[in-house]
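See the structures that follow.
Both of the next two complexes hold chain A, though its partner changes from chain B to chain C.
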Partner chain A sequence: MTINSPLESHIVFTIGSVPVAQPVITTWAIMAALVTGSWWATRRLRVEHPSRVQAALEMIVETVTVQIRETIGGAPKPYLPLIGTLFIFLLVANWSSLLPGVEPPTATLETDAALALIVFAATLWFGVRALGLRRYLATFAMPSAFMLPINLVELFTRSFSLTVRLFGNVMSGAFMIGVVLSLAGLFVPIPLMALEMLTGAVQAYIFGALAMVFIGSAISEASDNQQGTPA
Partner chain B sequence: MNWIHIASILGAAIAIAIGSVGPALGQGRSVAAAMDAIARQPEAANTVSRALFVGLAMIETMAIYCLVIALLLLFANPFA
Partner chain C sequence: MQINWWTLALQAINVLVLIWLLTRFLYRPVLDVIERRQEMADRLLADAASAKSDAERQNSALKQQNEALSADAERLHAEARAAADVERGRLLEQARAEASARIEQAQAAADAERSHMAKQLEAKAGELAGQMTEKLLARIDTGATFETMLAALTARLEKLDDADRARLLGDDPLTITTPAPLRAPERERCSAAIAAVAPGHPQITFAVDPALIAGVELHGPHSLVRNSWRADLDAMIANIQEDDHGERR
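Showing the complex of A and B:
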């Protein structure tokens, strides 16, 4: 029995000199499905007599809004597109392994690294936007100047741990299902797949929640500073 | 199969076995503390469970690191 390495991805075809791997195709398919689905679902929005699709959508948006308001604090409007998209994309990507023949794109390290980079950039962006560049950089030396290296290291390690956490959880689930499937055929992997659905949903929530916590910490350092300095 | 392969497989197994003990203990303690807090203050259940989830994810990362080390030993070993 040979097991393919989960650290390498299968290259399907090349455009010019750019190799296109299987997770890239799956990611673009999921993106296309989400964009088309969103366009279709928001085509006819009505205030009176909302359709079932609209009610479901409003429930999702409302849940994410409440979470953002409780975690970050303040108006959730600037963060809603980012957090909502991350959560919905991750949920669909993690559950895409339920389709036969589809490997979840989040089970490869590169996809997770790209998503963590988005969160990293968003943290910097929201922090700078709330404080201005100079005062945001000053927050890295905030309790005292001795904390500067620790804060800088933390900035990178938490993006790394975000990557590895998502990769490890989703990949180990897919890996376990593959191993069990190769050992015992028909109905044995079904409980594992149910567990994997739960793990996928929890990981999507965790990723969104951690993105909110990181952004919230950048913002709250801002509000602490504003309280500290006399206006 | 030379001795580097054997050592890598043993190393991967030991990394997972020992590396999952600590996070399991830590997660058990944090869940117990969260249950205690929810039992004392049921109205704070939302806040407690959100903090619990984030904390569990942080603790779980330690076990995931061990898993990644084991996978590196098995599939991307620089010495084999």
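Showing the complex of A and C:
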């Protein structure tokens, strides 16, 4: 097994002038699996006497809904597709490293940056939609105009921190498993892989929770400049 | 380190497409079924609330009915109690009357028994007195007794008024009764005594009655002159009885 540099994406093929890297193909596979699984699981939903799969799906959706309601406040339905998809995709993508020969797409900087970019855009979108453009922009100057540069810098740095946090954790885990696997054989990396499962789940939860916090702070005028962001 | 912008763009598009696809195939169906279940639960709750409201209304109506029945029961109970009181008073009065009647009846029976016993005792006392007198007379000279009683008869005849004397003379025959048979001289003396009071009387007969104890009595169809100890004892017993009745009253 060869270990590629985690900072480089391996181009598998090109479509015209567009290069298609390995993380993109892995993402497509994950997307196909998630969509197919969702279609299969939701094809026979029943109001009464739900199946075990349906009950599990409802529990997941209800859990995410409750988290959104408690963190953002208000109706959770507009935020559920974004937050839920981020969590599910990140969980599956992080755990995909457990499959032999699969490099998780979240171990590449481009994927994490794309996710952070989406959270950044969603924060702006939900903020403007909730407060209006003028009031939302005014929140950057709160509690005083002197805070405007700091708030603007924070807007970008927190998205950057999202990227770096996810990339660093997942990439380091996958890289370490690869190194140990190449040095110590088949069974030695198993404890590290279990740890990687925990790390992947925690990172997915943290990414989704931070996205909720950013969106919640954007739509909450009062708490916009008072709510700190985790490092 | 170099960022592949095409990869970044493709991954962003991929995630956006995934959001849309999962919304279409996962969130919307699951949310729909959750919402339908919630609506069903709300409907069941509404039905339950309606049923509860109906039950409370029926409970209220039953309570009112129960209160009305309780009031009726109370009224009927009061009426029954009043009727029972009246009946009890009537029975009590009847029992008292019966008891009083029985007491009076027993009192009357006791009085009658006592009167009967008193009469028996008096008769017994009279009989005893007669027996005692007879025993005493047995120790006395009968001739002297005869003389005394004949003198007493003569005195009584002499005291008769004209009407009584005429009625006595009209009786025929006149009978002289003594406790023991008289001898001839004694009969002649009796006839002489009668003749002295009622001269010319046609017929005089003699009779014996030991119950007289002592004495000489004159009997006619329409007249009677008692002059014996028996008559005296009867008079004394009658006086004693009159005294007893007077004391009881």
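Here is the rule we use: the second predicted complex is superposed on the first by the 218 of 231 C-alpha atoms of A that agree within 3 Å, B and C clash if a C-alpha of one lies under 4 Å from a C-alpha of the other, contacts with A are read in each partner's own complex, and residues count from 1 in each chain.
The rule is simple: a contact is a pair of C-beta atoms (placed from the backbone, for glycine too) under 8 Å apart; a residue touches a chain by one contact, two chains touch by 3 or more.
All values reported here derive from a predicted model rather than from experimental measurement.
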item: Touched partner set for A:Val202, first chain B, second chain C, both or neither; value: first
item: Which of chain B and chain C A:Ser172 touches, first, second, both or neither; value: first
item: First, second, both or neither for A:Phe140, with chain B first and chain C second; value: neither
item: Residues of chain A touched, compared between chain B and chain C (which is higher); value: C
item: First, second, both or neither for A:Leu7, with chain B first and chain C second; value: both
item: Which superposed partner A:Trp125 touches (first chain B, second chain C, both, neither); value: neither
item: Residues of chain A that lie at the interface with chain B and also at the interface with chain C; value: 7-8
item: Touch list for chain B against partner chain A, complex; value: 46-47, 50, 53-54, 57-58, 60-61, 64-65, 67-68, 71-72, 75-76
item: Contact footprint of chain A on chain C as seen in their complex; value: 1-12, 14-23, 25-27, 29-34, 36-37, 40
item: Residue ranges of chain A touching chain C (in the complex, touch as defined); value: 7-9, 11, 18-21, 23-24, 27-28, 31, 34-35, 38-39, 41-42, 45-48, 50, 54, 57-58, 61-62, 77, 80-82, 84-86, 88-89, 105, 108-111, 113-115, 117-118
item: Chain B partner contacts - residues on chain A that touch it in the complex; value: 5-8, 67, 70-71, 161, 164-165, 167-169, 172, 202, 205-206, 209-210, 213
